[in-house]
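Chain lettering (A, B, C, D and E) follows the sequence in which the chains are written, and residue indices restart at 1 in each chain.
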Amino acid sequence: MLTALHGSQPLREVATDAAAPPAVAPARQPWLTVRGLSKAFDGAVVYDGFDIALPMGQSIAVFGPNGCGKSTFINLISGLMPMDAGEVLYDGQGIADTRISYVFQNYRDALFPWRRAITNIHYPLEVLGLPRRERERRVEALLAEFAVSIDLKTYPYKLSGGQQQTVSILRALVTDPEVLFLDEPFSALDYEMTIFMREQLQRIFMTSRRTVLLVSHDLDEAIQLADKVVLLTKRPTRVAEIVDIDLPWPRTLDVTTSERFVALKRHCLDRFTAEVRR
Amino acid sequence: MLTALHGSQPLREVATDAAAPPAVAPARQPWLTVRGLSKAFDGAVVYDGFDIALPMGQSIAVFGPNGCGKSTFINLISGLMPMDAGEVLYDGQGIADTRISYVFQNYRDALFPWRRAITNIHYPLEVLGLPRRERERRVEALLAEFAVSIDLKTYPYKLSGGQQQTVSILRALVTDPEVLFLDEPFSALDYEMTIFMREQLQRIFMTSRRTVLLVSHDLDEAIQLADKVVLLTKRPTRVAEIVDIDLPWPRTLDVTTSERFVALKRHCLDRFTAEVRR
Amino acid sequence: TTALLSAGPAQAACDKMEKVTAVWLPIMQTTAYYVALEEKLFEKACIQIESVKLESPNQIIDALVGERADFGPPGAAAGITMLAESKFPGKLKVFGLQGGGIKVDRINDGLIVKPESTIKSFADLKGKSLGHVPGIQWRTISRHMIRSAGLDPDKDVRLQELAVAMQVPAVVGGTVDATLSLEPVGSVAVASGKAKRAMTNPVASVIADPFYSGASVMTTKFLKERPAVARKVVEAIDAATDLVNADFAKYKAAIPKYTPIKADQLALLAQPYLRGFKDLDETDLKSYQALVDIFHAEGVLPARIDVREKLLTKADLGS
Amino acid sequence: MPNVLASTLKNRRLRRTIELAVGPALLVLIWWIAFKGQLVNKDLLPSPFDTLRDTAGSILAGSMTRDFLYTLVRVAYSITIAIVAGVPAGIVLGANAAVYRSLEFLVDFFRSTPATALFPLFLLLFGLGDIAKIAVAAFAAWLVIVFNVAYGVMNARQTRIQAARSMGAGSLRIFRDVIFFETMPQTFVGLRTAVSLALVVIIVAEMFIGATDGLGHRIIDAQISYSLTDMYGSILVAGAMGYGLNLSLLFIERAFIHWSGR
Amino acid sequence: MPNVLASTLKNRRLRRTIELAVGPALLVLIWWIAFKGQLVNKDLLPSPFDTLRDTAGSILAGSMTRDFLYTLVRVAYSITIAIVAGVPAGIVLGANAAVYRSLEFLVDFFRSTPATALFPLFLLLFGLGDIAKIAVAAFAAWLVIVFNVAYGVMNARQTRIQAARSMGAGSLRIFRDVIFFETMPQTFVGLRTAVSLALVVIIVAEMFIGATDGLGHRIIDAQISYSLTDMYGSILVAGAMGYGLNLSLLFIERAFIHWSGR
């Protein structure tokens, strides 16, 4: 069943995810609320009085056409870009009190070329002020999980595009963030790596129920990895629909080849094409 | 039927593409031959005595794991990166005599930020020395075909990632090149745009039979758009197999959902996973 | 060795060494100061000299007016001293003069030209260029010299300010036809054989003979606060002046250590005309006054200054 | 809404004006404190207000303006020569590592040699007139521009150069269409350093080679005749000229180079 | 194979050596042509070989070495002061556009004011000794460093700063961990400009403030006493010092900054 909410009215639906693991059943559902968000670049309006409310502790995928403002949206709500107007609250609090991680769409420029790949991964832990011993323990644990075959002793600019993106993802995951922003995080990964990363992300999400905001142009990926898919229109950007993905976790091959999955995909696609063509 | 050629022996097969449009039936098949290609970075060997021969006038997809040297390969054979050793011949000639276009994996850095998007597209025509009138005619024709909704009067760094990549693709296509190198050209495009671009590329390829070298991590894309898929191994890089894609052009939805397509995909995937896991 | 031996006990006899700062220019007129240092005359008088070499006359006066230094030994610019006195009256006292003269046969300045040049006097400069030390002092003097030769300094001669270091090259290279130069430029030029003096002491012949461009100067602050020490400084300089005047050939050996002059250039070095405090007489004062009056006449000094008022007196020294 | 816009614009312009005034105000303030607080000998540092008054007087009288213009024209000539000769030289130098390593000695050598020490040589080559002064300043500025442009070229982003090359652009085209723009931000650093340096060298030349006009001539005259307010006033005017030249370059840069750091 | 490697290495080292020799050789060649061809008055330009011989002589005699060391020590002091005070100041200035616009006046003002014109003021503030010379050179170098670092900060890539901010890094951390490195290439441009400038100012101060040692003292003495070979020899040595200082900075830069243009 699709919970379709049109337009930009604040969403005040109660989270009744039957599919959520029963272990995590918060008494009160915290919300990420965005109110009256406005942003224009040199007069070109991207957002104008944009409202949305998203449940925290869930995985949200954002799907929309090129240039509709997905990266801008993440930048705004993560506090990296100043808003022209509006308010963003994480469970009633400002962004400063929330530990976030961000995999930038522009992953190449986001790595520090003066640090080796491994120390790039160390960096967010340094910012958190962890002692070296603890940092090393955490990084080792992460690498053991991911077992990538990249020479991490080298500098980022000596890595291939996909390797750089992998490092970028590892760096974002190492801090075990409360909110994880992923802006087309798998765009440069190879076939095998993409599948592997999707599995890892699912695993992380299922064990810790972090809030994840994923931008993806791959609808299969978006649906596979999300509790909700936010469909955005062209500029001036509005929410076309927030699609509830009522599939059970983990999203195994069985799930992603299920009829329900295909139906959801078809529905999203129809809405998307309708909006884009309009 | 699969024409599988293992190892790195030069390929000397005669082009007997039943699927190729009968209009184009060259008396003599020209070849792109690479012999003894070697390349190492700071001692890390990527290619060592690599040989391959690819038919020109065909669309070749290159598929391989991250960091195996796909970008490096294109850079080497397009003459942008010096080889340590080896020889590349386009139908017996050097690269300098061939009109090429290149969509870089790192599309952001490849656009000129001091030029507007539209003059970026003009640039290769300026290099060719075309008069302004002719340039404008050609760009207009191109834009009429592609009908993108991007504000091309703006500067590239003001565009979103996908928009930048679109401009990058347009710039590569405007010269009507003899050889087209595409390094993950659709990685940042949205769903609609990706499908559209694939169609356009097919159309261009079918009408003019240019040589296309496409790097892609999307196996569907690779098979849909190629006459041959080159499967590469991990480093030190070898050719795992060159898979002949004996599907009819155009590769419509019917073709891409055909049993043959699925079989080819399964075969490629099996080879790829086997090689990567090895 | 005698100097060393005598210096030892003398130093030992002092209860305490008085620290005095001297600022000086590396020029010929300062010779007496070099000799005083070499002969350890200050040490014998229980004075420890903080010796600071500066490169321009103004820096000397700045240092004195700014009370960074106590005295400028022989060779401080005579004209600029009075200029400073007119701006900051009562700051400085003059206790010696240095220059040259035709009658006394001592060289201070010269008109420097190429060896083959036809220029013999300022009158020959019509339509030519003349270089001089930069600044108002020597521009004033140069204009006065040209006017005295019957030419118009604004029309007939191209006046060109030239730093001291560039004067010989400028003449040799032909960028100017002549320079009005201070010693040791003339001596160096003659020693090189690439230039000569067309006129010796031209300024003395026009303004006053002898002509003084250098002065020994001390601050009134120093004089007031430590009159006894000031007196010992004056005495030491006077003693050294006597030594130099008595046997220049012997004492000029000290010059290469303090100035740009090389030992091999010593032979041709012109002897300056040095007047110590105790030697100063009416002729000297008149001569100095003549220079200062030209400054007034050319409008550089706003009011006439009587140099006598600026001179150190025996009373100042408390004797 | 237009009201708000107008008021923010006004506010912004007001803020800009205040920002522009802070520097000079600070200078005068520090000066005034040094003067009033007797931190520096009063006889050698005049009051800032006396200086400003006297300077305004000599500007009105026209004598300062004349010297200002002479110096400005000399600086303009030398910087023009330096740019025209320096930017292409820097590009060529920076583009070829071997050439750079070979000629670096000369650039660093002359950059580290005081222009004043070379005055005799320049006098010899160019005579006593304005040409020598302009030549020595142009030379000093040229070195700075070459150095900065070469650096800019060496640090240029390779992908952009490769992109142009893939389109078949020849070396000359790549220089003109890519490297030239790539190095622009660095070139402007060089230009701004160079214009200040040219001004300094011109003033020093006016001071020490000798001239009958120009701010340097004015400074040394004032120094020698103990016209303190005139001296500090002339220095002020020289500094203001330098600031003005820098500001114009900054405006050109801001208007023209929109892509730095992108 | 190892043979080939060895020979290419040898070749490369040989090529490097040749490259390093080209500059000095070119200088001597041009000089020699000017001298032999009588392009310049022979009485004012000595033969390069005479100059080199005499310079070698005074180096062996130790007098040149002494002056060299004095100048070097003064330059070292002033550049150290300039770096320690300049890099943080530049970062702060560049990070805040409003602060930059406010204080730009002072930086541009003093950059365009000849150090020589400020000598009287520095003598007044710092006394007559070495300190005044070091202070004026440090000040000039400081301005250059501040200017360049501020520029580097303003042109830094925003994505990297944003990446650090997204990890929760505070301003201080971002300065230290990101902006500092981002600006490194530009900082080195500034350092190399500054070290040459400090040398120039020290030499000019030695020439015009007066000193009893140092290369500037040597140059002006030689100029006044018309010792051409000594004068050009001292200039040569000064230039060589500048080149040497630049070269060391270049080595540090090449060893340390591997990422420029990436």
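By our rule, a residue touches a chain if its C-beta (ideal position, glycine included) is under 8 Å from a C-beta of that chain, and two chains touch if they have at least 3 such contacts.
Predicted, not measured: the structure shown is a model, and the values here were computed from it.
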Contact steps required, at the very least, to link chain D with chain E come to 1
For chain A and chain C, which third chains touch each of them? E
Chain B and chain C share contacts with D
Between chain A and chain B, two copies of one chain sequence, what rotation angle (nearest 5 degrees) aligns their Cα atoms? 180
Chain located farthest away, centre of chain B as origin (C-alpha): C
Determine the centre-to-centre distance between chain B and chain E, using the mean Cα coordinates as centres, and give it in whole Å. 49
The distance between the C-alpha centres of chain A and chain B, rounded to whole Å, is 30
Measuring from the mean C-alpha position of chain C to the mean C-alpha position of chain D, what distance in angstrom results? 39
By the touch definition above, chain A meets two or more other chains at residues 106, 109
Chain E touches at least 2 other chains through residues 41, 44, 120, 124, 157, 207-208, 223, 262
Which parts of chain C, given as residue numbers and ranges, touch two or more other chains? 58, 62, 66, 165-166, 169, 173
Which two-chain combinations touch? A-B, A-E, B-D, C-D, C-E, D-E
Would you mind writing out the residues of chain D in touch with chain C in their complex? 41, 43-44, 119-120, 123-124, 127-128, 207-212, 217, 220-221, 223-226, 228
Chain E residues within the chain D interface of the complex: 15-16, 19-20, 22-24, 26-27, 40-41, 44-45, 98, 101-106, 108-118, 120-121, 124-125, 144, 147-148, 151, 154-158, 185-186, 189, 192-193, 195-196, 199-200, 203-204, 207-208, 216, 219, 223, 231, 235, 238-243, 245-247, 250, 260-262
Residues of chain C touching chain E in their complex? 21, 23, 25-26, 52-56, 58-59, 62-63, 66, 68-69, 164-166, 168-169, 172-174, 184-185, 188-189, 191-192, 194, 259-262, 265
Chain B contact footprint on chain D (complex, rising order): 157, 159-160, 162-169, 173, 177-178, 181, 184, 257-259, 262
Parts of chain A lying in touch with chain B, wherever the complex brings them together: 41-42, 44, 63-67, 69-72, 105-106, 108-109, 149-151, 158-163, 166, 184, 187-194, 217-219, 234, 269, 272-273, 276
